[in-house]
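Read through the structures below before going on.
Shared chain: chain A. Partners: chain B in the first complex, chain C in the second.
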Partner chain A sequence: MAIINLKKKEVQAKVVYYGPGRGGKTTNLEYIYKKFRSRIQTEMVTIKTHGDRTLFFDFLPIEIGRIKGYDIRIQLYTVPGQVKYESTRRLVLRGVDGIVFVADSLAVRRKENVLSLKSLADNLASYKKSILEIPLVFQYNKRDLLDEGIPLLPVEWLEKDLNSKLKAPSFAASALKGPNVVQTMKKIIIMTIDSLRKDLT
Partner chain B sequence: MDKQYISDTDGQRTYIFTPAQLSRIEAVLAEDLLDVGVHSVTLIDMAGNIISTMDNGENRHDLYSLAALAAGNFGAVSTMAGLIGEEEFSLLFHKGKKENIHFSKVTDEFLLITIFGKEVSLGFLRLKVAEATEKLVIALKPGS
Partner chain C sequence: MAQQRDKDNFRSQVEDRLDHLFQEESPEATEEHVGLGEHPLKGLKAVLLSIDWEITDSTMDSLLNEIKNVEYVYSEDKIILTFLQLLGSIGRYVKANKGRAHPDATRVINSVYEALEKVALTEGMTRVEKEKMLLEEVANFKKLKQQVVLRKAEKKEPAVSEVTPPPAPSQAPPPAPAPEEREIRVTKSSAPEETPVEVRAEARFAEMSPHEAFAYALEEIKDVIRAEFRALRAEIKLWRESK
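Right, the complex of A and B next:
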């Protein structure tokens, strides 16, 4: 549920990083926070368990400049990936305007990716939103592990498993090392703002 | 400016606030709450976006993080209420040494966060918040 403030000429929109547990959602935000530290005026908010897993969400507000005379402020969130936190994931999705699905490239995580995408579609439907219509970008994370000889799912398999019907933009990335993290974020921001464009007069 | 208030495209809902509407909202926040001595008051949506915020000029809180956490907290507490068979909890309040924080649902989509100190009693604050909420419900209506 984006907010357009015609008095301040400001747009606020919510982008949520969704995906299976330990897939790298928080690492994406940490990389963005580190990379754009000078442009982010607040601390990154994280609500974690003692085991350093996301308990509720991470939150990072980022100002991306001006489009059509409006100051654009994007609120980046992650959801907790662990299966047991389904109700928490649903809460974080409330009012979402754009989604990055962070898939885990590890071969052993193939099933978890598919189940997480199914839960995303179900949770969006609970807010009367369709996964087919909301701005969505896939990120196939942990591609750097290929260099270490760890078995990864080929990008073509990930595309087939997750993106054959949705046909959303996708990026092979490494949230830890950085490749395509910023590109993923830029793409979802462009798509999200584009979905609001007709209201920015 | 005469512009539609809610825009629905492909299931996406966008709230558009006109300058006149925001001025009315700010007047309610200032006159009903700031003038009785609260430190800051912020109207947010349940997604954690800020609609309007006013303060006494002395607050330096990170309001965007506060709004995100307040929306999450409110959602979590509402879910807890449901789990024990309550529709909702009527009082959402955290007491600190110097600052207190009070949450109040305005409509299903909007939440009012008030930060206040020792100078204002909780009872009086709740009364003023209730009055402000009635006015905000009107100010938030489409086309108001």
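Right, the complex of A and C next:
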């Protein structure tokens, strides 16, 4: 749940990047942080294991600035993708306002994407939130690997597997190289702030 | 009507602010990269990319099969064969130990592959340059091996697998050693039974109250932190010994 301080005119919203392990959630945040570090003027916090895996979460706060008299801050989080960290993922989702589901385009990861989306729906339900109602954007990551000749899932299949019922906005992206990383983030921020707008009057 | 106008106005202000904040400059010139196309390494790269954190027998078998395929293609190239032997060694070690493998193992696999791809694809690379890259990866491999041995000593667990390095690159490539002489040796009893443990944990989690789930999550994190400290201690020990 976003923190809205009507007295101080401050809004703080939480966006979580969710998806299967090694799908590129941390890489999304790292790309944004590296590319716009001088403009966002905040620090990215990341807690990794010895083998470079996300242990708890990554955290990147972004100051959007003053809009309609409100200071708007967005906190971007990632969850650890490994299956065994289900309880940690659930904790990170507490109070979430918007979600980017980072799907792995590798052909061999089709099942993992579907399982991860199901786990997202279940974890949201545990906080009495519906995946059908929360602001949600899909990102089909690793599209750059197509140039390498690596077998990828066609975007149409990913849409059918993951987004046929949800009908959320989606982007084919490469978190490593940059295409559509920023567009994904912009979209989820706009949708999230839009969903909070009614509370700001 | 006025409400809709207000909404549109609010939205466009947010969009403008985001456009201003995240305006991307023209893309930087990036190093030209040659795709793999139908290159013999294509299958190997695809498998390496698919290795999940939850390492399965089938993925690791695919990796080892792909290594064999590429070894066949490059049977005359000593340098590439040595790279492949490094990959095979670590691959077998990871397959045997799965989630209990040293956390650096997958990092070293990726590093060895990246070097291999560069050596195989870069036109005009001299033999000396190739050997230099190979030596760096052999050093990484040896470091990993030391860490595995130290870890084993710390845990005092019997029959933990060990990694045997391939020969130095400047030497002639060895005749393919017998499997029991190279790479990783793991007795059947030492192979961890990861899957049943995870399944039990997931089942337990589903039945937990939020407080229990929180405590469970903390325990998970503690376990990983303990493993991290073990790895760090091993590294410090290595560093001291090297001084």
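A few points about this structure:
By our rule, the second predicted complex is superposed on the first by the 201 of 201 C-alpha atoms of A that agree within 3 Å, B and C clash if a C-alpha of one lies under 4 Å from a C-alpha of the other, contacts with A are read in each partner's own complex, and residues count from 1 in each chain.
Convention: a contact is a pair of C-beta atoms (placed from the backbone, for glycine too) under 8 Å apart; a residue touches a chain by one contact, two chains touch by 3 or more.
Just so we're clear, the structure is a prediction, and the values are computed from it rather than from any experiment.
Once the two complexes are laid over each other on the shared chain, residue contacts for A:K118 go to neither chain B nor chain C. Contacts of A:F57 after superposition on the shared chain: chain B is touched, whereas chain C is not. Touched residues of chain A, counted separately for chain B and chain C, are more numerous for C.
When the shared chain is aligned, chain C comes close enough to touch A:Q82, but chain B does not. Once chain A of one complex is fitted onto chain A of the other, the partner contacts of A:R109 are limited to chain C, with no touch recorded for chain B. By the touch criterion stated above, A:Q12 is placed in contact with chain B alone, chain C being left untouched.
Contacts of A:K167 after superposition on the shared chain: neither chain B nor chain C is touched. Of the two partner chains placed around the shared chain by superposition, chain B and chain C are both touched by A:L91. Counting contacts by the rule stated earlier, residues 56, 87-88, 91 of chain A appear in both its interface with chain B and its interface with chain C. Note for the complex: chain A touches chain B at residues 1-8, 12-14, 42-43, 45, 47, 56-57, 59, 61, 73, 75, 77, 87-88, 91-92, 94-97, 128-130, 133-134, 195-196, 198-199, 201.
Within the complex formed with chain A, the residues of chain C that make contact are 7, 10-11, 13-15, 17-19, 21-22, 24, 27, 30, 33, 35-39, 42, 45-46, 49-50, 52-54, 59, 102-107, 198, 201-202, 205, 213-214, 216-217, 220-221, 224-225, 227-228, 231-232.
Taken in their complex, chain B has these residues touching chain A: 1, 3, 7, 9-19, 22-23, 45-51, 62, 64-65, 68-69, 71-72, 75-76, 79, 109. Residues of chain A that touch chain C in their complex: 20-22, 32, 35-36, 39-40, 49-53, 55-56, 62, 64-65, 67-68, 72, 81-88, 90-91, 106, 108-109, 112, 145, 147-151, 177-178, 182, 185-186, 189-190, 193-194, 197.
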